Structures are given as structure tokens and as C-alpha cells.
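Alright, structures below, take your time with them.
Look at the two complexes coming up: subunit A is in both, with subunit B in one and subunit C in the other.
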Partner chain A sequence: MMNDDEIPILAQNVRRAYDGPLVLRDFSLSVKKGSIYGFLGRNGSGKTTALRMLAGLIKPGSGEVRVLGFNPFTAGAAERQWLGYMSEKATIPPNTRLRSVLNLGRALYPTWDAALVDSLLAKYGLSPRRRFAALSQGQQRLVGFVAAIAPRPKVLLLDEPAANLDVVARREILDDVLALIRDCECTVLFSTHILSDVERVADHIGILSNGSLRVSESLDSLKDSIRQVHCFGFKNGIPREDLPGSFRTVRTREDLTVTLRTDATLTPESLAQHWSCQCESRALGLEDIFVELSLNQGILP
Partner chain B sequence: MFLLNPTSGVPLYLQLQQQLQQRILSGQLPDGAPLPSVRELSAQLHINPLTVVKVYQNLEKTGFVETRRGIGSFVSHQSPALRMDARRRQIGPAIEQLVVEALHLGLGQEEIQSLLAEKFLQYQSQSGTKPNDE
Partner chain C sequence: MNKFRQFWAIFKFQVSVNPFVILLPLAMAMPYFIPYFYAGKDTHPDLVSLLSNANLFFVGLIAVILLAPEISRYKAYNAMWPTGTEFLLTRAVDRPMVLRARSAFFYFLILVIPVFTLFWTLKAPDLQVREYDKLAYEKILDQVPGSIAGPASHPGMAEEITIRNGTSLVGLYHIWIYLCIAVCTEVFVYLIYPLRYRQIILWVTFYACVFIPSARFVLHTNGPSLGETVFFAYVAHQALLWITAIAAVILGHLWCERRFERMEQ
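Then we have the complex of A and B:
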């Protein structure tokens, strides 16, 4: 078991319900220091609940949650200042001016970086005099993002940071997250449905299904190992049986296409030999990988 | 500048690694040339610094790059024979693809060789510019 220093975000066998069925069941997650972890899952799979729990806003029903080695639910201000969190929905009173929100942040967080805030607001074209309600939904998301990274946290939890943002703003916040990583050894966990954002910055992904983490793997190893193999020219006819452990097989009269995870022994070449056929293989982007994993592992909402 | 496509099935680290290798093998980055720092390159390409670290480590393992602690990473000095081997390996996948495609189309070795010779002539006559292997 690695220590808290190397695993700043940790959940073990967590269960949590809201007056009814379990939203999280045996949820375990560990994120390594310096990682940018893309937290994926279909709608309603429990991502927001998991993030709220890691942020210390709700308590696990059972199991353990540790962020930077502390329990986020019971931690005091001195510990919590290292935890940045951007919620799915804004919780700022509509009439508040941006300046008051930011002044509050400055008062609460000793490490609040006012210069960073000014430069980000200028970049996003947000005047501190604006009232929160007068901002577009996308601009409100940006305010939430600025407030989450202004204290230069060591752990940053982002719940759908890209929702309602245009593509330029999305790129900008990804760059800001990367800058934070470069400057202050931050560890980031972010949920999103926009897989191209994940591919751009994340080194690790996890897929939540029905309240538990089904897949947790480095993006490189997924892309390096998962292949779609097109097989044709069978000398002994097209095999009827699926390859054990393969994801999905599609057969036509003359060929067969199978998605599988290659390893030291299973390669397109070994498959060509095994089935006495010719094989071509192609690598898949994250979107295709996500769909294949979802179908294969029965990833549920 | 490097051209990366994050949504491709080829992992980002591999795309960057191949492009850097290509530049070293073609002499565009000569022996001893300094490489950008992890910070610089990740900022410039808008990618995770860990990706750049991985690429530099891999290139170090394969002898293309050496990292001097506290100073930075440099293209390492390699014997011409080793460089030649590496060039052959670099072009391997393209040759593989060519041969597979040729077999599918029912084109034999002689036909491919004459087509290749023709292409070489064409490029050499164009002021000696080298084709990209993309």
C-alpha cells in the first residue's frame, strides 16, 4: 500500500445512499500524485456523489475517504485549504457581485493567489463588477473554476468543468489546469462527457458504472493494447466461436472483425496464425474504446 | 513544432516520441542539440507534463537522448551504425504496410520495386527534397 503522500485521492469500499437505493456501492478509487484523472461514466452513475464526498460535502455511509491523508468531511480549514472543488451547479447567490465572491475567497484561503485571479478574469473577459446572475451559464462555470484554482490547491476536484463552455473556453481551462500541474504539484480528478478533453490532458481514466469503479487504467495502456482486428481470407472458413476474452465480434459472409486486448501472446499476427487467415489491425480512439468497454463490461448508468 | 492528434488511436506519448525520433534520425536535431524542457514542451503542446516525461525516458532508454541532471536533455552521440539501424527500424512499419497492401492488391515484388524506383527518381529530381513518411 502506498502512503498518503503518493496517493492524494483515495476512496475505499465506500457506500452511500440518499434515502433509498445505493448511489455508490463498494466504490474504490486511488489517484496518484501529479496525475490528471478523467472520471467517466454514464449519466446517473454516481460521479457527482463521489466528487461531493471527496470534497467533504457529504459523508460516506460506510467505507473510507482520504484526501491528502485527511478525512475531508471532518477536516479543519488548515487542511481543507489544499482542496479545490468546482461543483456541478453554482451555489452563489444571484445578486452577488463577482468582486464580493472573490473577496470572500481571499479572506478564507491564506494561499489565495489574487494575481492569478485577476489574470484569469481578464483572460475570460469577466469584470469583477458583474453580478453573478447576469453572467451566462458558461461564464458562471468559469467563475467556479477560477475560485477552485485560486488557492493553488494540491488536490483539484472538477465536476463537469466543461459543461456549457464553448470550445475556446474549454481549451483555456484545460491549459490553466496544466499550468497548475506544472507550477504546484497538483493532482486533478475531473468528470466529463467530453472524451476529447480527456484524451488531450488525462493520463489515467476511470469508468464508474452503477456506483462502482469498473475500469481504472492509464490512457496510454488502453490505447496501446486495445485493437480492432479485421480478419479475412480464412483458409478453413470463418470461426463460429468467439475468441475467449475478446470484446465484440462482428461476422459477415467473408470476414470477421473482432475488438480485443492485445498482450505478449495475443497479437494480430498470432491471431492470423491461429485462425489461418490474414489480419489487419487498427488502434482505437478513446470514444471507440469507451463504447467497446461499455458493451463488454456491461457499463450501466 | 510537433503535430499531435489527441483523438487518434495512437497514444500521445507515442506520437511525440516518433516525431522526436524522426527529427533526430533525419539530423534535423543534431548530436548534442538541447531538447526543450518538460515544462516548456508540455506548455507549448498543451499536454500533460507526465506525457513528455515518459517520452524523454523512453528516448533515453533507446539511446537517443541523454539527460544531465539539473541541466536538461540533449540528443546523445550515437555511432553511425547504430543510427542506421534505428533508421531502418523507424521505416519498418511503413514498409510493412506497403507490403501488406501490395499483397492484398495482388502486386508482386518486381512491380513494387519498379514503382518505388520511379517514386525515388521523382523526389530526387525535385531538388533533392526528402518525402515525409506520414
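Then we have the complex of A and C:
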């Protein structure tokens, strides 16, 4: 069994509702130290609720949540200094000057990296004298990111970090996340709808659906295992029945294309033998995988 | 981490989040200063205006702005105009410290003007009171220590009562009543915080507290006002009421901290 150092982010059988139906149901998640975990799911699937729970803003209805071994809701300042969080929405009041936010961070975190802050502000073109109301939505997100990353946290939770950002700023944020990982072995959990970002930086992904985690594995393993197999030259005619466990099957008069998860027993070769045909398989991009899973595997909002 | 350093950092952040709330004590001070300038330097505000409830609604106003801004507004407005609570609670802070810093700022704003006026009134400690209500007039003479009846200063006006060290007495009373209202408001805010209809409860109670005591002016009720009645009770049991108020502030705040620590925002 791995300890808290090896699994800094852990949720077990978590249930949570807001005055009605469950938003999270039997949600379990474990993220290994030093990994960048992309958290995917359709709108309303419970990503933000899960992240807010991990950040200690809300409590689980039942189940257990641990970040670096502590309960994030009841954790004190000494524990929380290792946890960085960036919300999906603006959380800093509009009248506040950026300088006040930085002063607060400097006073609260012994590990506050002022040099990193200066370099990030210069890079993003942000002046500490400016008030939040005077910043664009994208700039406000950049400030949220700077405030989350500057304490050099061990765990960084980012809720839609790239929303409202232009392409350049988005890339810069992702590069900064990667640099942070390189420097201090930070564990990052971030939610996003931009799958190209996940492909660029994440090494693990989780797909949340209807309040529970349906998929949680390494990106490479997912991309290797989910294949689109094109079958043709059937000797006994095109099979009428779908392959058990396949995501989607498209038939034409002469051939058949099936999307499936391959494993030791189910390979394109075994399929060719089973159907007496020829098969060619191709890997899918993450976006295609997500769409296939969403449309055909009951991945609900 | 050093608790005071943490407290001070949150306190300063709180001030920067609400720069305009600092102006509210100036608005609170108006009823004190207008009679002073209006009537000349030798006259103090009379007892009736000092005891009116006109100012107390500022306590409620400052309380909701500082202690729990999110409960006084619609959720959609909170999303557009963040209060900073979520930001603070996701930093390296002890949850109770957030409320402690907010409460310190709240009590500072509430008490700064009454404390200032207390020192200001020491310059001329005797208080001249013009009381038109006969029952209240008799009660002042009967119950307020150091009160002496005198002639009217102008023909047609009510007879004046001079209260020795009356301005200090009223000044201290003011601090006491603000302290009481402040702790009641703080406890009330955190009592209703988790409730579903907290916004409605908050504003209905707020307006009821503002307007119900004023109803006597409309209804033309005779006798001492609510403020005067409380004042007479205060005069009779000053030491006890001060000890009770200070204990209530400490215990009330600690209760709020515990509640805040366990509550979701």
C-alpha cells in the first residue's frame, strides 16, 4: 500500500450533493506524486465540485478526501501552505490591487518565491499597481495562476486554468506548470475542456462522468489501448452483431469500423481471425477517444 | 506560522478589499458633529439625539459588508463581484483567523467614532439636556446620577437638566451599546449563515431593527423611548452590564469562529 507521500491526492468513495441530486457519487481518485493529472468530463460532470473539495472549500457528504495526508477542509495554515489552488472563476474582489494580493501571499507563505512572481508578472505584462477591475478576464486568470504557483506548492489544483486565455498565454501557463514540476516535483491536478492541453502536458488522465470517475490511467496507456480497427475482406460476410465491449461500430456494404479497447486477448489480429477478414488498426487522438467514450460508453454530464 | 503575522496579513488584505467601507464611520459620526457645529462650541448634542437609534443601522450594514458579504447578496452577484472569502480560504490560513481578522476590522470601524467622541467630550464633561416628555424628564432626574433641574435657556423651551460628567456617561454608554449591537449582529449573521433563506431573514431583521424603534414617532407614544429605557437600565447597573458585554463579545466571537471553521462558504 502506498503512503501519503506517494499518493498526495486521494479521494475514496466520496458522495456529495447540493440540495438535491448527487453531484459526486462514489467518486474515488488517486494521483501519484509528481504526475500531471488531466481531469476531463462534460459540463456538469462534477469536476469543479471535486476540485473545490480537494481545495478544502467544501466537505464531502460521505467518504474521505486527503491531500498530502491531511483533510483539506480542516487543515491549518501549516498544512495548507503546500497546497496551491486556482479557481475556475475570479475569486479576488475587483477593488483589490494586485500588490495587495502579492503582499498577502508573501506574508502567508514562507516558501513564497518573489523572484518567480516578478518574472511571471513581467512575462504576462501585469503591473502590481493595477486593480482587479481594470484587468481583463484572461489577465485575472493569470494573476490567479501566479498566486497559486508562487508558494511553490507540493500539490497544485487548477480548475480550468486555460479558460479565457489566448493561445500564447495558455501555452505559457502550461510551460510554467511543466517548469514547476521539473523544479520541485509538484503534483498537478487540472481540469480542462481543451484536450490538446491535456495531450501536451498531462501524463495521466481521468474522465469524470455523472459524478464518478469512469477512466483513470496514464495517457500513453489509454492512447495505446483504444484503437479504431478497420475490417474488410470478410469471407463470411459482415457480422451483424456488435463486438461485446466495443464503443462504436460503423458498417458499410463491404467493411466495418469498430472502436474498442484492446488488451491481451482482444487485438486487431485476434479480431481478424475471429471474423475471417483483414484488419488495420489506428491510434486515436485524445479528443477522438473522449468523444467515443462520451457518445458510446455512457459518459454523461 | 506566526499567528499574529497571519492575522495582520489577512487584516490588511481585508482593508484593501473594502477600501470604501472605511468611509462608513464618518457617516456614523455625522449625528454627533452636526449638532455641535449647528449649536456652537459650547453646546453638546442633547441626550435625545444621542440616544436615538438613527446610527445603529450602520452596525448591521458594516457587519454584512465585512463579516459575511456573501449572505447579503444574490448568488449571481457574488459570482460577478467576488467577496474574497473563497480566495482567502484557499490560501495558507487557519480558517478561524479569517473571521478573527474580519471581526477585528468590524469592531474597529464600529467603535472608532464612539471612542473618539468619548475623549472629545472630556473637554466639557457636563451635559445640558432638554427633555420635552414629562415622564422621561422625571426619570432622568430620578435615575441619572448628577442630574440637576434648571431653568429653560430660552422662553418657550423645555426646562434644562444639567448632568455632571454627563457627556462621559453618555459616551461610555454609546460604546457599550455599540459593543452589544455589534456582538448581537455578529452572532446573528453566523446563526443564519447556513440557512437556506438567510438573505431574506437578514434583510427583514435588519429593516425591522431599523424601523420598529422609530415607530414611536409615528404612533406618538408617551414616555421614554426605547433608547432612553435602555440608558436608564445601563445607568443603574453599569459595572455589571460592562462585564456582561465584554464577556458576550469574547464568547460570542469564539462561538462564531468555531461555527465559521466548520461551515462551507
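The criterion applied here is as follows: the second predicted complex is superposed on the first by the 300 of 301 C-alpha atoms of A that agree within 3 Å, B and C clash if a C-alpha of one lies under 4 Å from a C-alpha of the other, contacts with A are read in each partner's own complex, and residues count from 1 in each chain.
The definition used in the following text is that contacts are C-beta pairs under 8 Å (C-beta built on N, C-alpha and C of every residue); 3 or more make two chains touch, one makes a residue touch a chain.
The structure displayed is predicted, hence computed values, not measured ones.
Novice: Give one word, clash or fit, describing how subunit B and subunit C relate on subunit A after superposing.
Specialist: Verdict on subunit A: subunit B and subunit C fit.
Novice: Applying the touch criterion given at the start, work out whether A:Asp224 contacts subunit B, subunit C, both or neither, answering first, second, both or neither.
Specialist: First partner only, subunit B.
Novice: For A:Ala202, using the defined touch cut-off, is the partner it touches subunit B, subunit C, both, or neither? Pick first, second, both or neither.
Specialist: The first partner, subunit B, only.
Novice: Should A:Arg97 be classified as contacting the first partner (subunit B), the second (subunit C), both, or neither?
Specialist: A:Arg97 sits against subunit C, while subunit B stays out of touch.
Novice: Counting only touches as set out at the top, which of subunit B and subunit C does A:Leu126 meet: first, second, both, neither?
Specialist: In the superposition, A:Leu126 contacts neither subunit B nor subunit C.
Novice: Identify the partner contact of A:Arg171: answer first if only subunit B is touched, second if only subunit C is, both if each is, neither if none is.
Specialist: A:Arg171: touches subunit B, not subunit C.
Novice: Taking the superposition on A as described, I'd like to know which of subunit B and subunit C A:Leu243 touches: first, second, both or neither.
Specialist: Touch status of A:Leu243: no partner.
Novice: What is the contact status of A:Ala163 with respect to subunit B (first) and subunit C (second): first, second, both, or neither?
Specialist: Once the two structures are laid over each other on A, A:Ala163 reaches no partner at all.
Novice: Here's one for you: vertex at subunit A, rays to subunit B and subunit C, all C-alpha centres; what's the angle to the nearest 10 degrees?
Specialist: Nearest-10 rounding gives 150 degrees.
Novice: Using only CA atoms and the superposition described at the top, report the least gap between subunit B and subunit C in Å.
Specialist: The answer for the closest subunit B-subunit C C-alpha pair is 26 Å.
Novice: What residues on subunit A does subunit C touch that subunit B touches too?
Specialist: None.
Novice: Within their complex, state which residues of subunit B touch subunit A.
Specialist: 6-14, 39, 42-43, 46-51, 54, 100
Novice: Per the contact definition, I'd like the list of subunit A residues that touch subunit C in the complex.
Specialist: Contacts found on subunit A: 19, 55-59, 74, 76-78, 80-81, 83, 85, 87, 89-97, 100-101, 103-105, 107-110, 147, 151.
Novice: Provide the residue numbers of subunit A that touch subunit B in the complex, in ascending order.
Specialist: Of all residues in subunit A, those touching subunit B are 34-36, 171, 174-175, 178-179, 181-182, 195-196, 199-203, 219-220, 223-224, 280, 282-288.
Novice: Quick one: which bits of subunit C touch subunit A in the complex? Just the residue numbers, please.
Specialist: 1, 5-6, 8-10, 12-13, 16-20, 79, 81-84, 86-87, 89-94, 97, 196, 261, 264-265
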